[in-house]
Amino acid sequence: MTDAAPLLQGIIPPMITPLTGRDQLDHAALDRVIDHIIGGGVHALFVLGSTGEAPSLSTDVQREVVERSAKHVNGRVPLLVGVTDTSYSRSLELAQFSADYGVDAVVLAPPYYTPFHQDDLTRYFAEFAAECPLPVVLYNIPSHCKVSISLDSARELMDVPNIIGFKDSSGDMLYYGQLIKMTEERDDFPLFMGPEQLLAESVLMGGNGGVCGGANLVPSLYVEMYDAAVAGDVRLVHRLQQRILRIAEKLYGVGDPPSGYLKGIKCAMSHVGLCSDHMAEPLHRLTDDKRQTIERNLRELELPIEVTS
Amino acid sequence: MTDAAPLLQGIIPPMITPLTGRDQLDHAALDRVIDHIIGGGVHALFVLGSTGEAPSLSTDVQREVVERSAKHVNGRVPLLVGVTDTSYSRSLELAQFSADYGVDAVVLAPPYYTPFHQDDLTRYFAEFAAECPLPVVLYNIPSHCKVSISLDSARELMDVPNIIGFKDSSGDMLYYGQLIKMTEERDDFPLFMGPEQLLAESVLMGGNGGVCGGANLVPSLYVEMYDAAVAGDVRLVHRLQQRILRIAEKLYGVGDPPSGYLKGIKCAMSHVGLCSDHMAEPLHRLTDDKRQTIERNLRELELPIEVTS
Amino acid sequence: MTDAAPLLQGIIPPMITPLTGRDQLDHAALDRVIDHIIGGGVHALFVLGSTGEAPSLSTDVQREVVERSAKHVNGRVPLLVGVTDTSYSRSLELAQFSADYGVDAVVLAPPYYTPFHQDDLTRYFAEFAAECPLPVVLYNIPSHCKVSISLDSARELMDVPNIIGFKDSSGDMLYYGQLIKMTEERDDFPLFMGPEQLLAESVLMGGNGGVCGGANLVPSLYVEMYDAAVAGDVRLVHRLQQRILRIAEKLYGVGDPPSGYLKGIKCAMSHVGLCSDHMAEPLHRLTDDKRQTIERNLRELELPIEVTS
Amino acid sequence: MTDAAPLLQGIIPPMITPLTGRDQLDHAALDRVIDHIIGGGVHALFVLGSTGEAPSLSTDVQREVVERSAKHVNGRVPLLVGVTDTSYSRSLELAQFSADYGVDAVVLAPPYYTPFHQDDLTRYFAEFAAECPLPVVLYNIPSHCKVSISLDSARELMDVPNIIGFKDSSGDMLYYGQLIKMTEERDDFPLFMGPEQLLAESVLMGGNGGVCGGANLVPSLYVEMYDAAVAGDVRLVHRLQQRILRIAEKLYGVGDPPSGYLKGIKCAMSHVGLCSDHMAEPLHRLTDDKRQTIERNLRELELPIEVTS
């Protein structure tokens, strides 16, 4: 990593992208969601990730998100921008655009159309890191990219200048455990967990934080869990884990898989008045009956937020 | 389908995209490749597909390919353009751009980042077909898109206006057999096979043609196979099949999977002077020793083309 | 292969095992089913395969099936016995038992519990072939065994003495096409297709027959299809294929996957009075409403058999 | 659960089966291994599991293992016997045999040849539990059985009399987390973890122990880890985890996947004089060079056992 790179750790919510229609960013909602999340005590903010539906957005909307987020976050927490794309140039241009707006780091997963070999993968990441004006966090999400970052590739890329951290959304704790083992002596190379259901155990085992989608809605809960896990407070971890699992069940489990998570979180956020539940194509908002189920479940969950709808 | 839609059948090569560097289209090579392919007697041409590395190209290069191909094909055969993208707007804009240049139809696979449900899929395709100024050929390629077009979705989408055909690259003949059964009474709804190794049997069983990557190199071989299969000349089919399988083995099997096919075909084309073997990132050309293996294999194959390098 | 080995080809039905209760073989039904199948003109008979629920049967019942089948077939057609097991000794003992009763060949798939490497697989098959008193037909069925016989392993095993043929139930025509290419010059090494929906194309492309489950019910249909494909009569193939696909849809598609095929075939056979639909655990017969659906569908199919129930 | 059922928890090693040749049990080694394992302070012993190569053994050898183990353990710790089989009768007979020898419980995974539906699965387990003379621990190992015990099935089976616990070898902590949530209020229904690399975190999150293969070699290490995790001593957990991961890397990672674990553990045990490394077919012992690598690695690991070979 470079000297200028931020030392990331803790809860870094992958922000949803509030939309009012196709390619219509909701600026006011964007500000509102940012304030809501930062107000929950999170350690950084990540826009244009999978939860932000980034690949479904037009280039213009992606840039609007970066510009507006950078201005509104205004240095309160580090800001990360997802620049994953199937086109190398588009990724690089978005990184350059982000640099112009003072973003702190970019997050990069493998290009996600053509499957390719690990040799191409390591070369791709190394080339990108060399050309990128911002530090790069690697992102492993084989459910979306098909290509996984192998443990050998991860080991090699960890030593590449300008690559400063790793987010893993594989959900595979055997893999994650190997990453922890690899970075045991690397205080400057943080590891982040994707699925929020695995936040606690990943931190208990030596990970450095989580990119928890649920933190769009209840940021403080995930911050509290992170703190409990860092402190090794297993009893508190168990209690909070039950709440986190109930959120997953009651909000993400309503819509049909495999996109019930994305639709559920946005629907729940619409019920508490944070934003609309408009989804970018190919997704569509939940049907009315499922919207109502989410509302009912939200009340049941008794989260520390007000359900307004 | 609409009255204006072309009735597609036969061999529709998925054209490679000749590049000289990152985002540098090789215009002269493009013309050369087009003439080479059409000279082989193919029935139509398909640009910006998976073999054309379309998702890896910048929007500008994609448009150059469309414009230049449309001008150079100049109506000699129907021209199809792949418009698959994770962004609905980008797909639609490329379709509109294609319509402006007189393209005959577009080919559309599911958006390929976020996995989603069949309900979203059918809605996505139906909405796109309604807005698209050109007829739409559906494209099923679960190895790249993760989401497969289910048989139920295919049945539903077949009746949607402006959807005029189906290309399947699943490699699953049980699935393809069901498609054939479904379209038995639909002379106006052609079915195309992706993997060229399955061209013969798919046509023997009732399919309507193939999108054969090898036809970039030896178009006449695949045309001959198509004709043999249509004629039910099983003896000739067997003989040609051995040649097609040897091409796959000797050219696509040299580079490491899973991209050995793409690299092999472009490398072979460079050896016969059709274009450079520059690949769009994240792919990279074959190493020198593998390039030489391809050259040696090309000579062994004794294809009806001159190896110049 | 050895001189004594039978030259297998054509339709070799995988016989169901008629049961009246747990570990209770229905001897009369066994005879009836054998006569029914042989009466349809099939080329050989295969007992104790996957369709015969062999791994679910006790060793005693397996032996009863071998003994009774051998006596009742009585040389009318070659008899093959599946001896696949996770225990090498149990496989060998069943092969020896089969040899004592004049069986013609055994069929052997990989042991199906622990996943293992291809080196162990080739060694396993070669050792077994050397010790086995009967010729061995290899059986590839990765959906059940997890371990697939790789193409390299298949190539190696083809030359092992006492291995005389190959049955593939992978459903992967790219794989099967490679097997055909490999055995092009081997008239003495037949290739058989598992899924009956792929019988026609596999024979059209050069395969040697099929192990069609539906031939338990309508043996003559599959024999007719085999003959049509051998003759290259594509028009007749298309017509018969529609019937074969309808059988799959109407009889195998009623029960929940993945065992709808097994339950459907046995249920249909019970409706025509061939045997009971009792299944070996862990399977259970179809529920009453599904039994009735099968009966209705059977009548609709207008097969050349009488529905008695 | 029944009143008579043992309350299981802690480390329950899946004992390897010491063999001297095909179907030749090494009785002296069996005693030695049992003493070695119990001497390490484990909480129970599990014979005839996957690590014990049970499905590859003949029925006679399986019975010898039960009889000899029961006699030699002699009540020092609870004894569990794996009775998983594709034949219901064989499973039940082994359970009855085990009951006759005073075994404490049986462990049962789904039958592992034919894939089947969850309805058949729950019915299978419930029927078996009702007929089985011993308490039943459910065992989920989709890598070997293909069929997974779904969360809904697990929830249903948890309430079935005579089913007293659950061992999960899926390696999927999202799944395991749900099991923990389900059994939160069930002190009498313990959950065990298969892969030893996940022992610590599963116990930290609320699980009740592990079936650790490495405990054949160094039982005390896994007992220590279990104690550390129960105590919430995260610092000690981290230190022990590094050792457990190094064992996996240095001993299980030498042989080719997917059976490197089984071969490595038995090879290591042969180097410390506990037993021969003879494997049951289809597996074969490691080659000489890999045997030497294991020996070298064993010395490097500096485990609290003497390497004698």
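As written, the chains take the letters A, B, C and D, and residue 1 is the first residue of each chain.
In this section, contacts are C-beta pairs under 8 Å (C-beta built on N, C-alpha and C of every residue); 3 or more make two chains touch, one makes a residue touch a chain.
All figures in this text were calculated on a predicted structure; none of them were measured in a lab.
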item	value
Chain hops separating chain D from chain A, counting only touching neighbours	1
Proportion of interface numbers common to chain C and chain D (over half same, under half different)	same
Averaged-CA centre spacing for the pair chain D and chain B, given as whole angstrom	50
Euclidean distance of C-alpha centroids - chain A vs chain B, Å	35
Numbers and ranges of chain A residues touching at least 2 other chains	none
Residue ranges of chain B in contact with chain C within the complex	171-174, 177-178, 181, 184, 195, 197-198, 200-201, 204-206, 232, 234-235, 237-238, 241-242, 245
Chain D - residues contacting chain C, complex	22-23, 50, 53, 55-59, 86-90, 110-117, 119-121, 123-124, 127, 143-144, 146, 256-259, 262, 280-284
